[in-house]
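There's a structure below that I have some questions on.
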Amino acid sequence: QDDDPIKVGILHSLSGTMAISESTLKDTVEMLIEQQNERGGLLGRELEPVVVDPASDWPLFAERARELLEQEEVDVIFGNWTSVSRKAVLPVMEELNGLLFYPVQYEGEESSENVFYTGAAPNQQSIPAVNYLHDQVGVERWVLAGTDYVFPRTTNRILEAYLKDEFGVADEDIMVNYTPFGHSDWQNIVSEIKRFGSEGKKTAVVSTINGDANVPFYRELGNQGIDAADIPVMAFSVGEQELSGIDTGPLVGHLAAWNYFMSVDTDANYDFIDAWIEYNDDEEVVTNDPMEAHYIGFNMWTEAVRKAGTTDVDAVKDAIIGVSVPNLSGGYATMMPNHHITKPVMVGEIQDNGQFAVVWETPSTVAGDAWSDYLPDSRDLIADWRKPMECGNYNVEEGECMGSDAEEQAEEALSED
Amino acid sequence: MNLWQSMARRDRVFEFLAPAISPVDVRHGPILYMEDVTVSFDGFRAIDNLNLTIDDGELRCIIGPNGAGKTTMMDIITGKTRPDTGDVWFGSRHDLLTMNEPEIASLGIGRKFQKPTVFEALTVFENLELAMTADKRVIPTLTARLTGDVRDRIEEVLTMIQLADQQAQPAGILSHGQKQWLEIGMLLMQRPRLLLVDEPVAGMTEQEMERTAELLTSLAGKQSVVVVEHDMGFVRSIARTVTVLHQGSVLAEGSMDQVQSDPRVIEVYLGESEEAA
Amino acid sequence: MLKVDKLNHYYGESHTLWDLDLDVPQGECTCVMGRNGVGKTTLLKCVMGEESTRSGRILFADDVELTRKRIEERSRLGIGYVPQGRQIFPLLTVEENLRTGLAARADGKQKIPERIHELFPVLHDMRHRRGGDLSGGQQQQLAIGRALVIEPRLLILDEPGEGIQPNIVAQIGEVIRTLIREDGLSVLLVEQKLPFARKYADRFMIMDRGRHVAKGGIDELSDDLITRYLTV
Amino acid sequence: MRIPCTLMGQTRCHAAMTRIVNLWLLCLLLIALPFAAMAQDDADDGQALLEALDVRSFQDKAEAIEAIIQSEDERANDWLQALLDGDLQRHKDDGRFVIITDNVGREWPARDALTGEDVGEISRRELSRIDINNALRSQLRSALSMVELYTGERDERLDAAEGLIGDVDDELADSLESRLDDEADADVRNRLNQALAVYRLEQGEMDAVETLSGSLNSDVRIALSRAAEGEGAVADAARAALVDIEQKLKVNRGLETLYFGLSMGSVLVLAAIGLAITFGVMGVINMAHGELIMLGAYSTWMMQQLLPGHPGLAVLLSIPVGFLVSALVGVIIERSVIQHLKGRPLETLLATFGVSLILQQLVRTVVSPLNRTVTTPEWMSGSVAINDALSLTLNRLYIMAFAVLVFVGLILIMRRTRLGLEVRAVTQNRAMARSMGIRATRVDILTFALGSGVAGLAGVALAQLTNVGPNLGQSYIIDSFMVVVFGGVGNLWGTLVAGLSLGVINQILEPWAGAVLAKILVLVFIILFIQKRPRGLFPQKGRAAEG
Amino acid sequence: MWLSRPFNERSTRLFLLILVLAVTLVTILHLALPPENPLYVSGYTVGLLGKYLCYALLAVAVDLVWGYLGILSLGHGAFFALGGYAMGMYLMRQIGDRGTYGDPVLPDFMVFLNWESLPWYWHGFDMAWFAFLMVLLAPGALALVFGYLAFRSRVTGVYLSIITQAMTFALMLAFFRNEMGFGGNNGLTDFYDILGFDLRSGATRLGLFIASGVALALGYVLCRAIVASKLGRVCVASRDAEARTRFLGYRVERVQLFVFVVSAMLAGVAGALYVPQVGIINPSEFEPLFSIEIVVWVALGGRATLYGAVIGAILVNYAKTVFTGVMPDAWLFALGGLFVVSTVLLPKGIAGVLAYRRKQRNESDTTEVPA
């Protein structure tokens, strides 16, 4: 038993529409496992990756997760990109008591006992980014453009509220626009943005445009002559990997907000990049924020396993809270009781070589907030998975744990009696 | 549950829409009445002010050069083609121009097509079964059963058209002539009041032709029959009244002999040799 | 011109043609007769290559083994085919229908021979109409015209008179006769109508259930044969 | 001359800085131009100047830039340009400033910023960049553009003059007046006049309104509306001018929408036209059509990889290459799969669906699951300005022209060559066509190759608009089928009209309903339209079509 | 009774027998064996099989319209998804105040997007009978309206296929919109229980699996009954020669509408059973490619046989499961290859092979008898 390898599940789409983003994450985890094994494994045991392909099909994510936990009996899963796939997997994780490390920035409003969110919550990405635009760039008019799904909707709701409350932005100075997935004809929208921005006030676009739609969007921006100096675009979903498919020449100066950029100038980062280049045997490969998130998540998990001395899920869950590991930008990431981590927030400008140059950074790391303070319904909620609270949505006003888990706990308590 | 649901829905949605079929009214005149019918296709007048009446129980032959509009006329009667102008009445009660194909068919107008069209994937037997007069609404068709009577009738027709041996074979593999017969068989199963028969004997041997002629003459009287044919021998053997169509309108009408000796008909249609024959 | 030797053909498992022999001499018209479904059309299809044969030989012009040729090559050898059921291209115009035949012309000429329009004036009048819109008889005329575009050496006709008005039927007969006389054309004809066959064919062959049962000069076609094999 | 930025708001400070730098550059230029470049060998000076740039605060950097300009160092232009391009970097160990000449990969070639000598490749770990941000960038740019106003080519002068509208102040106004006298080009003069007029309008001069009325420039409009807010004759005139401008803008917007619609339509036409051949004419339900488009797009990428540095040439070459690649793959598909499915058209759906999966995964495995970069060549990027409010994006103009060419070419092939006739004959009645001597197999291969090749051409065009990635095809396959069917299967003109009209409808609806709803409405429109015309826009009518 | 007609057919009896045996066997192996036993069927497998059965029912529904009616519907995923959404809405309402925000009425995503109250179309879904009725009625009504329009104006062939595709595509976009009130891209998920049974318990999942089996059996018998009736022959007739059928007096458009609606309802049932088993319904079920895939299952299994559709659906999905597990990087090659090879080599699908085998066996039987 003890010599058996520790199984690490990898649940990233390798085919279908999401393969473009997710397949590198699979490679990342495999690389991390390889490195760990070279360092002698974990608890003296080998790590063994178990890769499955949920093929960008959301129900399949749930099925595959069940397979990993039930059939393969993996000890931890690294996986998912889209919110919907995470939502699909969540019930399975909770039912079979698995561990999931989720590496992508997301809309927040969630905290699960079994999920560790190593990507950014809204307060770790969008709010600081908007602050930057307002304070440093002097933006007065705002275009909130996004793909029509939950992450942009939530982010934009939070931002709208924030802009109005915090900066007193008027209604007519905010333009909100949603487009379908994979939208490819941006002519009208870009021209509208152009008009909106030519009213004499400094205008910026806050973009939650997702995935493939970005390339035609940026191209149209370039062709219609919208320069970063006139109307900068601040993107939350465009990283180095997305840029690697775009001719960045015309985009220089547009912005993105992340918690990591490949251009971060630290030795840890350079080591990571070199390893990554070697692993892929390709000088051109890039690293990005979700990869760093997996890097952090993986290290946190190994640390927690070492601390707990076992891979047992419950033990690791307890042990991991408070664990601190170095991130790639020279600081430390700590797992908070709400299963989110602390991260620095950076704003980068697109360079002509497809990289970002960091132009701004929060002075210290920011702790992820599962429940946004800017939404009326979640303002009073907090998550804390430490004993004795052990609740993902504790209402501080009413002083009780909302929803399902309360019920479950009550049942558990009953059955224990 | 699913099933009953769907059936209930079906009833509600469709059946009340089904018009009650009233029998054709021929007390006051002809069974088919076409007046001033004109059809043009992209400016070409295929039917040009056509007037035609068919009496109840009549057997009428229609001849005319290729492209005279005979098939088009049948298309109009059966609702396949809508005329630009004109009236088409079935009996004195039914305005055929307001009806669609199935409605016209259920009034009792049956048709054999110039190019034999049978249901190739169905067996010969099933072809006949479908053609048979019955309640052709959806639910009755769904619940219909093959009773002994029906079976007998089909067998009867099968022997008549000499396809008893092939009855279990898909109609698609029949030879051209056999398909012709099958179509005639389907027409017989339908028992229409008015039969429109387009070139029934094309591809048949002399003797088969005779049999067809017998068949059609025996039907006349009870049913009205309109036959289009180019085989003069055949026409002569069955014809009482012959109508000659030319360029979409009636060129001549009368007994076979009258028509045959009409110089215009000879010129556009029969040709010198035929007259000699 | 055409010699069929011990031909056997099957539709799946059912044996349609049994050891069939047929001879179409150069410059003559041979008529194949028989009741519905005996296999006449099938025989022609075998000659044209639309149906593959199980055994037997088909010799064209004494030395060309047709069974080894692909369909498109057969017509290029100079075989014109008027199939049963017209088989015109419904969505091509009349003119385009005719032009398809140019592919098979040995001389590579790209013009439709005048003669065809003289023969079937209606094809000229309606040259811009789509084939499928024509009336049945017009389509039949088109099918014959199309086969003639090839200027074939052997013309295969499957019930050519079907659906055509009497005077034109007669005219077609005359044309065939002229072509035979003047151009040395050979004709393989399937025809049910005795008068036509008697008038224009030189020889006959009667089939019954896939076998050939009688043949000879057209004069030898006796009433006895007719009642035996052509009556139901 | 120094303005303490800390006393001002950040943005206003930058605006002020820009102006200062502009003037300084101007002076520098005026002084430096007549004199030959003087030798500068005391490197320490330069080192110090650059060192001032290597600070965290962007305000300090702005001042350092100013210092560089003031230094009248002849290398200043070089430095500033490098700074603007992000190429000015500092060696971490020895503190040397270098200008890198290429920044791809891990080792970057560089030259010394002070001496200009080549220093070989340096690991990027060793380098730290002198960052600039957007504010500094626009500061540098407008500084450089001021120079252009005096020395640039006509187009550069025009751009520079246009950029000045709304940015003129007292000091600048004077120098512009004199510049105006020297300027020979009418357009540039016109711009300069407008720029000055905006300045004068701010001073409340009446005749400025006259100069400005009718201009569609947004800065002019802003100035006018600001003027219109006041009272008095000038304000009234400004209001009147604004009404007039609004009117013109409306017309322009209409034209713009039409252009957008047509350009979107031509993309649809391009994507669908190959399918109009393989599906419409041949009757193959070709689900792999999208992947053939994708291959065309990848050939553009491939050509650009093969010809680095010549993106334009690569794009031109990729037209034949894309055609051939897709046509070749089309032939392979035809030979290996479709020829076995003769007479079973519906099954081609199944098989080509399989093929499309294989091709997608093939690209993922062989190339990469990631999108590839396709560079837009110089002559295809940007837009041509019809007037200040209406400019047509060049890449789309080219694509529209390309679509027209492809369409005309196809029509010619289908109408004028025997192939067109033969393929229709073969699809309508294969056996009979062969009996007429038509080499059906060859026709199949050629036609399928043609349709596939055209799909490849579409890919070449799409590479200029959207992602070049494994999923490219999937996003166009459904639209393509929709267009072909909407236009009427088998009718190339139908495909053209359908594509264009769907594009225009979509673009008309979009501003009004939003992108998502517009798409839904277009789909609903198609569904309803098909009810009215069950055989598409240009149906095959008559008996022929029925059977 | 016309419904009992299928039971006279050997193939139907055989099919039902195999289905019942398979379901029973799985149930027994799951319940009776300890997990260590190699023959033990895990909960995961049961869930998987349940999903396959739902797909099989969906494929049967498609085969009914495609195989027999000649309507190549590229939008059946829409009916499946609508059934699924009806079920999903019921399951959402069952969550009650156990949601994260604890709102007793509004589902989480509505609270989250600031909805004040439940939209009207969500009412009633807290009642099982109403929701289950909607599982039939929602897809049925869509099929009725859509089919009525299309068949009335005699849209046929590819035109029909493409507008069905447009329909499902439009619905997909619509359901993606968060304003629609169906949870947008995230769809409906995180269900707790169905009819009071805990969805996260193995027993419930087994129950759903058995229910899927039963639904498949019933759906199959219903389709067979239609196909074997005279109406079935009218369907085939109108598939091959629509105009001719009209001239015989059949109102083809009504026949088409009837069968189309029945098929849509079956698809809806399949979707409804699918959702609680996979735990999520989102607009991707509306994706046109999914609908095409269904058609591919049917084609692979063998069109116009019904049992072929079942085989095709199960086989393809099983292959997908296996391939994505065994060779995650290359499974599309395998699947694509499977489609290509089987179309080229098996013109009539797998059912065609079976039929051929049977025919051969029968023939050898009959030839042996006289000898």
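Letters are used for the chains, namely A, B, C, D and E, taken in the order the chains are written, and counting of residues starts over at 1 for each.
Definition applied: a contact is a pair of C-beta atoms (placed from the backbone, for glycine too) under 8 Å apart; a residue touches a chain by one contact, two chains touch by 3 or more.
Keep in mind the model is a prediction, meaning the values are calculated, not measured.
The minimal number of chain-to-chain contact steps leading from chain A to chain D is 1.
When every chain is reduced to the mean of its CA atoms, the largest separation from chain C belongs to A. Averaging Cα coordinates per chain and for the whole protein, the chain whose average falls nearest the overall one is E. Centroids of chain A and chain C (each the mean of its C-alpha atoms) stand 76 Å apart.
Centres computed as Cα averages put chain A at a distance of 73 Å from chain B. Rounded to whole angstrom units, the spacing between the C-alpha centres of chain A and chain E is 35. Computed from the mean C-alpha positions, the centre of chain D lies at a distance of 45 Å from the centre of chain E. Counting partners per residue, chain E has 173, 176-177, 243, 329, 332 as the residues that reach two or more other chains. Shared interface positions of chain A, defined as residues touching 2 or more other chains, are 14-15, 148, 180.
Along chain C, residues 133 each make contact with two or more other chains. Residue ranges of chain D in contact with chain A, taken from their complex: 9-11, 85-86, 103-106, 125, 128-129, 131, 133-135, 137-138, 141, 218-219, 221-222, 226, 256-257, 260, 263-264, 267, 360-361, 364, 369-376, 381-383, 391, 393-396, 464-471, 474-475, 506-507, 510-511, 514-516, 519. Residues 72, 146, 149-150, 152-156, 158-159, 162-163, 165-167, 169-170, 173-174, 176-177, 243, 288-289, 292-293, 295-296, 299-300, 303, 329-330, 332-333, 335-340, 343-344, 347 of chain E are the ones touching chain D in the complex. Across the interface of their complex, chain A is touched by residues 42-44, 47-48, 51, 95, 97-102, 109, 111-114, 173, 176-178, 184-187, 189-192, 199-200, 274, 278-280, 282, 284, 320-321, 324-325, 328-329, 331-332 of chain E.
If you check the complex, the residues on chain B that touch chain E are 2-3, 5-6, 9-10, 13-14, 78, 80, 100-102, 105-106, 110-111, 113, 117-122, 126, 129-131, 136-138, 141-146, 186, 190. Residue ranges of chain A in contact with chain E, taken from their complex: 14-15, 51-55, 57-60, 62-64, 66-67, 70-71, 82-84, 87-88, 90-92, 94-95, 109-110, 148-150, 153-154, 157, 180-181, 375-378, 381, 392-393, 395, 402-404, 407.
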